[in-house]
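A quick write-up on the structure given underneath.
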Amino acid sequence: MENIIQITKNDIVNEGKKLLDAGAKFVTAVCNDLDEKLEVTYFFSANRGVDLTCLRYTVGKDEEVPSLTGTTLSTLLIENEMKELFGLKVKDLAIDYGGHLMLAHDSPTTPMLKPKKAEAESKGEI
Amino acid sequence: MMRQLILLIATIVVAPFIGGLLFGIDRRITARLQGRFGPPILQPFYDFLKLIGKERIAVSRLQFVWIYAYLVFMVGSLLCLVFQSDFLILVFLLGFAGVSLVLAGFSTKSPYSHFGANRELLQIMAYEPVLLLLAIGIYAQNGTFLISEIFNQSRPLIFSLWPLFIAVLYVLTIKMRKSPFDIATSHHAHQEIVKGVITEFSGPYYALYQLAEWYEIVLVLGIVALFWTNPLWVGILIALAAFLLELLIDNIAARMTAPWMVRLSWTVGLILGVLNIAYIYFTKGVS
Amino acid sequence: MALMLPTILRNFFGGPATRMYPVQVREPFENARGHVTFNDDKCFLCGLCATKCPSEAISIDKEKRLLTFYPARCIVCEVCALACPGDAIDMVFKWRAPFYHKPVEVHESRGKRPRTPM
Amino acid sequence: MATRTTVPFGPQHPVLPEPVQLRITYEDEKVVEVVPVIGYGQRGIEKACELNEYNKNIYLCERVCGICSYQHSESVVLATEQLWPLDIPPRTKFLRTIWAEMARTHSHLLWLGLFADAFGYESMFLQFWRIREKVLDILEQTAGHRVIQSVNVVGGVRRDIDEAQKKTVIDTLNVVRRESDDLVNVLINDYTVKSRTVGVGVMTKAQAMALGCVGPTLRGSGVSEDARLTKYSAYGELNYEPIVETAGDCYARMKVRARELFQAIDLQMEALSKLPEGEIAIKVKGGPPANETVARTEAPRGELYYYAKGNGTRHLERMKIRTPTFANLPAVLILLPGCQLADVPVNIHSLDPCISCTER
């Protein structure tokens, strides 16, 4: 995969805005569970959708991250989804579904985290 | 007197059979126009019998009062036609029936029912003036509102009232709940308001509503047939042709919006009616 | 509005395009995938179908020489039929009644593993 | 006078056979506010993709969506192949393109019918679906099934199109083109259709870009963007240019899809005539290497993004599916407020929503 730009979590709003102002379109965001940390990648497409640019940052699991919804509403659903499925702590969402966009009231929380990770966490707590 | 009693009972018993059969034919022809087989012609009766046997659940007590009212007014209106009494009374009874249906819609809490009732009101607003103008047209022509006088005239009404006949065809479309005017409720208005004014009707009450619809179709086609009463079979043929025309129109038009319907009915329908009556008075005044 | 008129008139006089279904049944196409059937005489319980099945509709008990098939789980993907080395699985296109209870088919395999390696 | 009514539009509603809830607040019959609520159909397919072997993902991901199922299987196969990357035979690429366009044909016919139904044109709805049956028939003849084709595997395809089938396909497509030509002509020029769709639900180019819309929704607003421009499968060798309408209303979105229908038929014809000889599949051993990739295909509803990450085993580390409706759903927020109740279904259908695939 080409065009991965590593940034820090605080730059995401500025960098994203820069890309959007240059005529790019937000595509989606992907969250990956690296054992200790979460890796978040924002995809933007430009040049009639042919070129793909990725903004990637890595954060700890309990760190808060800024939201792009202040800049563009198109990230609304995916940021809510990442918040629910991975427990990514996104702050300042334009519409916060409160963890019930995808999940119901009695669903498991953060189901997309890797199981071995969850085990390790529970062992650490004991 | 005896003859009248027989006629009364015959009307009440026979009219729903004709109406149900017409609905069956309607479904069959519509299916064929769309390239399907369609249900058996007697399907409306099967539906009716099944609905009658269902559990009685009224969403509100008032609802079934209004549904009975709708049925009774509709039968009364039809009797007006069969006994050749006053056309004006017929129109007002039909209006009462319509309002009863609206109130039945309003008597439940469902928002779809309310939207449907609102639209039904708009429909009444759209077709009632045309029917009133027809009454005035008949009066202008014959000097009386009595339907029996129409039968006494040898010259069919359609010759002098043809613009009103076109307007009445609009009414027929609205009353048959066909595209482009199937806005308040129809067999398939599900996209916007589910079933509209009859969303909350169920079981035997829905069956009563269907019964009233059967009376209604006979009544409305009867009004169309009034345009050629001597001999009556020509009028009936005209009515059946109008019925088939509605089926065609239903299949070549999308559903329009309520404001569009009111606009069309008030401009074209009313202008045609008013010009028609003005012309009659004008020619009568001169002669 | 009149633009639609030729089409619906053609429909009216041309007869329905639909079929009277239970009376008239269309023959399945030659290439169409159908329901899975097992030939117990050929099956030698190699287990390839069970490992490749995406919906875990087949389970194999090698000791009792049993193959258990759960038709309600089957997604008719043809993977097992293609994977089978002994030609013991066929796809037969035949109408099947809807299930009221989830059935379980148990097959006793009698096939012999061929000497020559596959 | 103006009374406010909040109507829950769904999740069980005869308009949309899809589990989406739109909490619409009406003032009389005018929409003033709308909140989309999804999540009624979340099936955890992304998670299941991590637990499955990569071969089995194809059959799982095909079931993300019932209508664009072909593009889902194509994307998941492309994503997995790009992890190695594998060298796919040219005939396979062409076959995949043919089936993809066939799936687009049937999806667009379905949508045109549903859209006609949205403004109450039942006879038109049935006519479009009647034509669609023919497309489904050729899909069944060539790929083995009407809707869930299950024809892709990692490394190739499972079925070939021989000369006899080629002839059937071409004959059927000619019939489909002729019959849809009549109907699309009605749809485009009919007075009642025009009065229900022209100027309804206008979305400007800037709004569409800002909301991240994809597919015909975006192209109806005048943006020439299409995943087929990335030349995946055989699109690089076909004569392809996206179809664009500039008005941005429901009528424009309908026209985009109507024209794409004929374009899809043309593309199939072209691909069938250029179909090269050769293998249709290659053998694949082992699991995809530790690598990450994005596969982008153009589903009938818009661009489909598959992000895949391998780890050297037969199980994928992560699979992310972004479906077209997921990107198009925020458009509801600007399309609906201010429109009439009668236009709500028209507006919603003009996006071609597929909620179950949105939630995966």
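The chains carry the letters A, B, C and D, assigned in the order they are written, with residues numbered from 1 in each.
To be clear about the criterion, a residue touches a chain if its C-beta (ideal position, glycine included) is under 8 Å from a C-beta of that chain, and two chains touch if they have at least 3 such contacts.
For clarity, every value in this text was computed on a predicted model and none was experimentally measured.
Engineer: Have a look at C-D versus B-C and report the one with more C-beta pairs in contact.
Structural biologist: Between the chain pairs B-C and C-D, C-D carries more contacts.
Engineer: Based only on mean CA positions, could you tell me how far chain A sits from chain B in angstrom?
Structural biologist: Inter-chain centre distance comes to 60 Å.
Engineer: Determine the centre-to-centre distance between chain B and chain C, using the mean Cα coordinates as centres, and give it in whole Å.
Structural biologist: 53
Engineer: Once you find the CA centre of chain C and the CA centre of chain D, what distance in Å lies between them?
Structural biologist: Those two chain centres are 27 Å apart.
Engineer: CA centre of chain A versus CA centre of chain D: separation in Å?
Structural biologist: 25
Engineer: Quick check: what residues of chain B touch more than one other chain, meaning two or more?
Structural biologist: 33-36, 251-253
Engineer: Check each residue of chain C and list the ones that touch at least two other chains.
Structural biologist: If we look for residues of chain C contacting two or more partner chains, we find 1, 3-4, 8, 11, 17.
Engineer: Among all the chains shown, which pairs meet the touch rule set out at the top?
Structural biologist: Pairs satisfying the touch definition: A-D, B-C, B-D, C-D.
Engineer: Considering the complex alone, what residue numbers of chain B touch chain D?
Structural biologist: That would be residues 30, 33-36, 111-112, 114-115, 118, 179-180, 182-183, 186, 188-194, 250-258, 260 of chain B.
Engineer: Where on chain D does chain B make contact in their complex?
Structural biologist: Interface residues on chain D, with respect to chain B: 5, 7, 13-15, 26, 28-29, 116-124, 126-127, 130, 190, 192-193, 195-196, 340-345.
Engineer: Spell out the residues on chain D that touch chain C in their complex, using ranges where they run on.
Structural biologist: 52, 55-56, 58-60, 63, 123-124, 127, 130, 137, 140-145, 148, 150, 158-159, 165, 182-183, 185-186, 189-192
Engineer: In their shared complex, at which residues does chain C touch chain D?
Structural biologist: Residues in contact with chain D: 1, 3-4, 6-8, 11, 17, 29-33, 52, 54-55, 75-79, 82.
Engineer: Which residues of chain D touch chain A in the complex?
Structural biologist: For chain D paired with chain A, touching residues are 35, 37-39, 42, 44, 46-47, 209-212, 224-227, 229-230, 292-294, 296, 303, 305, 307, 309, 317-318, 320, 322, 326-327, 329-330, 333, 359.
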